[in-house]
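Next up is a structure, given as structure tokens.
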């Protein structure tokens, strides 16, 4: 049973990787298992300058999901390269850098510095939790095209664009990114949501709104990937509520070539190695003999 | 403890009503309790001509939610008025007709016939489950304005517009509807989602996509209502995942003046009378002395 | 309702008996809508295998996650049950009655067999299962009917599909099982019959239109309210 | 981990003892991250009230839905536990130690008291509760410390806030309770001290940055990994 997947810049021995922001830079989960079990790692968002992020509370729980408004807290691209990446460099697995910014220039500065150190970039144009630096690029096809084009100019590695589900027409966004030169798509980032603290009569999160993730959003992720798949020829990394090898297969069938797991790591820190171990059996049960065979399988 | 709410066309003794499509025309739930317990009833969508709806499977289950693609099955406005409404007319409670169509003319025809028989119309411009007749109006502010304006011309009763959450900017849609003359808003309809049947390698629902409802979408509903509330002066009927009196209070605080309960009825057919019975206690626990006092409470 | 008994009666097939706290006037062919633990939002429709003396029994197969969750219920736990729902089997005028059940389609027919036996009818039952590990209720059925067990692989009773081992003498039939079986029976048998159907449900009381099926003459009806039992020929089997 | 014991020890406050299936090297001040049943997605951080002989004990208050769900666990059921997590209390050089606990802040201090007592320290403990119905672990604490119980309404022990009944002799303190209490102590006491903090968590291992708190000198740190215990003055109490 082959779990291998070949994507631009990425030779994955299996299609499972942590979703950006849910795995920091790997050190913590390395206490639980050998990171080389994973197909790749997507690192926490990096910005040009350090960011403190939002005030707490930063997370809330919802039915089968959670809201987060971390707000891109990170030590800045330089410290990430010098302080955080040396640990990851001790592993053989491919590294993907998630980069964010408030302006195309910030994106390109960060991309320029980061790209020599990783196998691919994931352009985060979909963070709903910061005033500047993210979602405005992810909800307007023109702004998105522009930032993709500029980053492509400076990046030494393939560029995946992480799309926001908070749009009327996800297909339009995907096609705009492909035409601007994206090598792949990541889908989906979180859906903007809110919880109200009844005791205090105000939004629970300090940032008011947060991004909804977890099993609650899986049907939305599957729908969007299924919608986009026939319209693009670049591969899709799927995410949103994945917690089992059966979920992974559902994403592959919808059109994802690989997947990322976020919220489920908090539920069960061993979830990714467990999924990877279960995947061959699940594929076999449903009549597949490799991961690649299942990709887009629901479209034929 | 007063549960009363005064809305355009509707004198509600309490703010709880069934969401359209989850309660048919009331007969079935009348076996479980006296419908006059409810604040009002929102009827199943009516269209000008009878509609058969989609093929089955029409529903699927998701984590803390469900997908439906009923597809507006209904016997048409005439049969509804003559065949279904006489039963409801035996009750004193206010009636709201949910109307849908494939063209502004279909909406106005249905509205014209329906409005003399009800206290308010709910314009369904957000059904994601039919090829024509719904969501295209709900995702484009110009189309929405136009249909609202035309229906307002013919309706004898106030018109509430039911918004789709499948948009980039819900505020823009809400404001467009208000400017076109809407007397109120209903938020939210379902979020488009999909489930894939791994055994068959294709979408489970015959319609492929369906609308996601239930507790899974509550944070999205709360966020959208909270976003819209400061920008409109017309009242909002809130819905999306409500299953308890605590949920109702959360919607009121976000900015809803009344609420509708959909999916939770399938979970527990007695849910609405239970919520209504619990509501005074919950309001009291959080320091409120009436429903009206709580409306928009999270904004101050 | 309180769990009185819960046991695996064949591979992945469980029999659960619940104490009805209230008057529960049910008849064979009706079903209940059972709540499973969160995050499951929808109930699960399951046919009644019996209802008497303040107890109901349901037999279910662990098909997906909801039914798997249900297996965790232990004696003394409570299960939230909505029902009885739907129509029951219309009892026959005819004398020679054949019951055809596939897998978990058998339990409601066992209850029906008991009623028919009481009425003095001559009952035959053709019960189809995948293989010997899945067979259940054979002995129970033999108390009321002439039983033929059929397995796909012949590991118990006859080999093949139930449609190969029907009772040529019968003058009416009652079938409960997968749609392809119901369809094959309709095509093959000239006698009148009744089908008990399955469809995914929301409300199970006729209010949401999740479970529609097309009739041959009168548009759509709901399996939950107008069925689950339909006279042969009334609906287009999907 | 298997539930060995589970009981209500005061109003809405439960003590649960679990059998650790594996080696579980913990110290006072550390916490565990406990999984509650679906639809709850996040675990619940709860301080260890003790860990010894292959068993751990946690005391929790039913605050919201997750902890209410936890109360359903019966002896013999299993609970999924992640831990031990975070740092523990740094043991003092000083001789006269004061423990200040509010409500469910008391349990980790009981364990700490035991260790301090073993080390021959002179321990005083000021334990604050809402009212007499909420008091717990008074007797247990008296084995290791000079105890002052304080209730908001004076229905047990002294009346008022813990800050009114502090031990003037102490030369170091350890506090665990709501942030306003920690803040008041910092303002009032000139002696060094340690605060055990609470913040909403995602991963509880330092990977998600949900639980950040601002230090007075060095940007943000994570309560889960760099805490939950911080020396007085290290972080800006929210």
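Order of writing sets the labels: A, B, C and D. Residues in every chain begin at 1.
Methods note: a contact is a pair of C-beta atoms (placed from the backbone, for glycine too) under 8 Å apart; a residue touches a chain by one contact, two chains touch by 3 or more.
Chain-to-protein mapping (UniProt): A, B = Dihydroorotate dehydrogenase; C, D = Dihydroorotate dehydrogenase electron transfer subunit.
Please read these numbers as outputs of a predicted model, since none were measured by experiment.
Looking at chain A and chain D, the chains in contact with each of them are B, C. The highest number of C-beta contact pairs joins the chains A-B. Separating the centre of chain A from that of chain C, both taken as means of CA atoms, is a distance of 46 Å.
In terms of their C-alpha centroids, the spacing between chain A and chain B amounts to 33 Å.
One finds 55 Å separating the Cα centroids of chain C and chain D. The distance from the centre of chain B to the centre of chain C, each centre being the mean of the chain's C-alpha atoms, comes to 36 Å. With touch defined as above, residues shared between interfaces to two or more other chains in chain D number as follows: 38-39.
Listed for chain A are residues 62-65, 214-215, each touching two or more other chains. Looking at the complex, you find that chain B touches chain A at residues 62-65, 67, 139, 166-169, 191-196, 198-199, 201-203, 208-209, 212, 214-220, 222-223, 226, 241, 246, 249-250, 253-254, 286, 297-298, 300. Listed in rising order, the residues of chain D touching chain B in the complex are 38-39.
Across the interface of their complex, chain B is touched by residues 35, 38-43, 66, 80, 82, 199-213, 219-220, 225, 238 of chain C. Residues 63-64, 215 of chain A are the ones touching chain C in the complex. Contact residues on chain A toward chain D in their complex (touch as defined above): 21-24, 27-29, 31, 44, 50, 52-53, 56-66, 68, 70, 73, 214-215, 263, 265-269.
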